[in-house]
Amino acid sequence: MDLEARFERTIASEQRVEPRDWMPEGYRKTLVRQIAQHAHSEIIGMQPEGNWITRAPSLRRKAILLAKVQDEAGHGLYLYAATETLGADRADLTEKLITGRQKYSSIFNYPTPSYADVGVIGWLVDGAAICNQVPLCRTSYGPYARAMIRICKEESFHQRQGYELLLTMMAGTDAQRAMVQESVDRFWWPALMMFGPPDAESTNSEQSLAWRIKRDTNDELRQKFVDMTVPQAEKLGVTLPDPELRWNAERGHHDFGQPDWDEFWQVVKGNGPAGAQRLAHRRKAHEDGEWVREAARVHSEKKRGVE
Amino acid sequence: MDLEARFERTIASEQRVEPRDWMPEGYRKTLVRQIAQHAHSEIIGMQPEGNWITRAPSLRRKAILLAKVQDEAGHGLYLYAATETLGADRADLTEKLITGRQKYSSIFNYPTPSYADVGVIGWLVDGAAICNQVPLCRTSYGPYARAMIRICKEESFHQRQGYELLLTMMAGTDAQRAMVQESVDRFWWPALMMFGPPDAESTNSEQSLAWRIKRDTNDELRQKFVDMTVPQAEKLGVTLPDPELRWNAERGHHDFGQPDWDEFWQVVKGNGPAGAQRLAHRRKAHEDGEWVREAARVHSEKKRGVE
Amino acid sequence: VDGLFEGCLALGDDALVLAQRLAQWCSRAPELEEDVALANIALDLLGQARLLLTRAGEVEGAGRGEDALAYLRDEREFRNVHLVEIECGPLVGGDFATTIARLLVFSSWRLAVFTRLCGHADPVLAAIAAKGVKELAYHRDHAAQWVVRLGDGTEESHRRMTAGFERVWPYVPELFDADPMVDMADVRSEVDSVVDAVFGAAGLERPSVGPASRVNGRAGRAGVHTEAMGYLLAEMQYVHRSLPGARW
Amino acid sequence: VDGLFEGCLALGDDALVLAQRLAQWCSRAPELEEDVALANIALDLLGQARLLLTRAGEVEGAGRGEDALAYLRDEREFRNVHLVEIECGPLVGGDFATTIARLLVFSSWRLAVFTRLCGHADPVLAAIAAKGVKELAYHRDHAAQWVVRLGDGTEESHRRMTAGFERVWPYVPELFDADPMVDMADVRSEVDSVVDAVFGAAGLERPSVGPASRVNGRAGRAGVHTEAMGYLLAEMQYVHRSLPGARW
């Protein structure tokens, strides 16, 4: 049996492809791009919430938030490690990130001007990420699937923490409730955009579905997210800012409006409200750290020489 | 009549020495050093109060404070101009300041951790400076005396503004009164140190008195300051932190305790609580501005070339 | 007058926030003369802010004075454009050239707006505008002179001046959002010609970077700010807020 | 126990303020692994701060919990040493080497202090100390490894590591001020020998800069802080203070 046929059979029988297995170059490339993009998202995703660590309004919230942002760095590490099993190099991927040649999730190009955003990101953004990621726990490439299992577990924990912060704030003062609503108003549409453009306009999807790198279409996942989120919003006591949002008994799903896709494409193109800032921040951290990484390398070479 | 005799006569008759006049090299050097030190003090003195501009608690206080710190930059400019009439070069003096070869008033090496410090610096520090400076309006060197007349006028205005801030705070809440007292507790002794070490330990003074660059001894000025300040403190309702402070009817002056002269010498040596910070701040501003000054020079040369 | 409260608030917040940014240069300017000049400009803007916020409070009629508006509003109630709040140096986010780039664009725009407001139906706003016109003309000329010096100066200053404009350019379009008080298309063409003339004299090219996109169409004028704003307000308001009931 | 409130407050404030400083590195470390490590250290210190401030509040008996102590005290009521509050990077005041220099000195000192507090008469403080000892040993070793790497690495890293120690050195003596709970002369000799051993392995010299002098003899432990502290507190406390009555 030839390599390609064996690969196809592995995929078809829902078994996992492992690093030592033969795989088509297109599969490898698609995976590296997708996992790297996911890793970059975790790293850039540290910034919008990291923005609030020094200003968290209680010591308990400060500890929760710092631990969460630290987890994101950890997720980035697992995912970069998964790309390395495919022959990629972390330094090279980082270079592609900071020069804008590889993307990350556009949601992180939105600013976090309010402490309520910490809760709303946990609830809506992590919630949307989980909808996107749970199917990836069954993705065909083994190291990626295993990383996703661990990541999804932690993300669910983060989502619950975010929702719990919002419940606490909604049970607080009028000012706190207003903060939560204002944040939901800002993040609702960007959260819907996290599933990507409508299926009709999406590229790359078909092959990824066939290879079981991806397992659901953008629109399927978006619908799932909306259906899941509406009762949570009701429980919380916030209004989702979509006048078209209503239950459709016939479909057994919620109908809802469309995000502003022009804004979406602008943000993807790098003109997001905080896009330049995010990349500049990452680039500066990387460049400022160059002398440290270089010193560590030289030191370890010296040590190896001596021993 | 020889030059030296004519110079001595000018001094003795309380007339002014002007830039075009002959003067002994020691007189010139002493003056340059003293005026430069005074200019440096104005420039470094922008920092302790400048520290509060962005945090001033009312817009009116913000405007008053910004204008005051701006005046200090202006004073620095007049004084550097006065040194230039003696053949000194501003760039060279700045170099001496940022490399620590010329001093500035040690009082500015104390930190300003409270907004009340803005008022207390106005009241006590500007007050002490005025005691030191009013006699300099009659100093023998013309350009210096004229700069001092202008500076003293503005300093008196600043002193009144500082005292007025304190009056307002003392008429405010308990927290405000506590802030004022805490600030007075910190600044009282450093303010007394502004007159320099006791006459018995002071160097340089005799010749300066003879040349009428200086007109009173350190101890005379310190006594004058204490006598002037005690009734102001009473009116304000603050306690000066000196258990030995009391009226001596026999002397017709207040008796008072001695500052910690060990601390004084440590601060003069550059180990003041904020000493390293003040110099580093000035040095960074100067170095960060180098490319701007260079560009301005090149541009003006190009323009001159064209015209 | 309709929209007068919002108009005074927006123009007042612009001035207040930029004054705060410029005040950060105090004791950090490239030369003493420039320290004095930047403080002057900050003082002018602070003065404009005080008059405009006071007027906004009077129009609102809810008893809020300049300090209540400056110190006790939350971030989402501030109406300034993003251009004035972003960091442009001296500490982070830019340098002297970036600060000058912002000042040129902002003061050219504000001068054009104030010129038109001199004839506003509200006599107080008209008077504030008339007073501000002289100040803003000086700010604009000061900035323009520096742009020319730095654009024309050394290779490094040219590079920094170019980078400075690239940094601020994405925030420029918000200045021209439609406004009930002033014809912004008209203002835009005036500002364009001023800025183009300065670019010409400085040997600089107009930057080609696109506008920063918005959050569901909202930016500073709608109370959605960049992340720099929260830190700016924390610093500005902290003392005032931590001493409730105090008089200053 | 006499002085227990003050002791818990001082050690709690040290940890809280340094955690705040270290948290500023989050997303700015030289590599991802170090981002994780610095966050871990900050989390440990934050945990210690919470326990110590809670204990201080219990001992005081005035109903103040960890948040009342962290968010509602004014600057002059904070009792941390200057070493933890000064800026050592990443934004201003230093770089990664400066941060590591501070961490080495601070964690060596705190480990020596906590080791001695394991036998303290207050069982709560003794338990906090016992838990902290393991954490601090890790912090100290982490810092020591970096000091050796950077001291021994490149010319640039050696220069920066030297400058980092010179930056923090004036603030070291305050750590050894007499304390009713611990024999500080003893702590000093332990810290000296640890630090000297690390300097030896790293090829660094003990800095020769003198101690920062005090304000009428007072420094951080007496509530007189450096100018960096006010900005740190404004940032840390602003949200809490601007939403009075809120629960979190």
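Order as written gives the chain letters A, B, C and D; numbering starts at 1 within each chain.
Please note the rule applied: a contact is a pair of C-beta atoms (placed from the backbone, for glycine too) under 8 Å apart; a residue touches a chain by one contact, two chains touch by 3 or more.
It should be emphasised that the depicted structure is a prediction, and the values quoted were computed from it without experimental measurement.
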item	value
Set of chains whose contacts include both chain D and chain A	C
Chain located farthest away, centre of chain C as origin (C-alpha)	D
Comparison of A-C and B-C (more C-beta pairs in contact)	B-C
Where chain A and chain B are represented by their mean Cα positions, the distance between them in whole Å	58
Chain A and chain C, separation of their C-alpha mean positions in angstrom	36
Whole-Å gap separating chain C and chain D, where each centre is the average of the chain's CA atoms	40
For chain A, residues that touch 2 or more chains besides their own	55, 175
Sites on chain C at which at least two other chains make contact	74, 234-235, 238-239
Chain contact topology (line, ring, star, complete or other)	other
Chain-chain contacts as defined at top	A-C, A-D, B-C, B-D, C-D
List of chain C residues in touch with chain D within their complex	74, 91-92, 231, 233-235, 237-239, 241-242
Residue numbers on chain D that touch chain B, as the complex places them	74-76, 170, 210-219, 224-227, 229-230, 234
Touching residues on chain D, where the partner in the complex is chain A	16, 20, 23-24, 26-36, 39-40, 42-43, 46-47, 49-50, 53, 66-67, 70-71, 90, 95-97, 148-150, 152-154, 156-157, 160, 235-236, 238-240, 243, 245-248
Contact set on chain A toward chain C in their complex	51, 55, 110-114, 175, 182, 185-186, 189-190, 241, 260, 263, 266-267, 269, 271-277
Residues on chain A engaged by chain D in the complex (per definition of touch)	43, 46-47, 50, 53-63, 66-67, 69-70, 73-74, 76-77, 80, 115, 165, 168-169, 171-173, 175-176, 281-282, 284-285, 288-300, 302
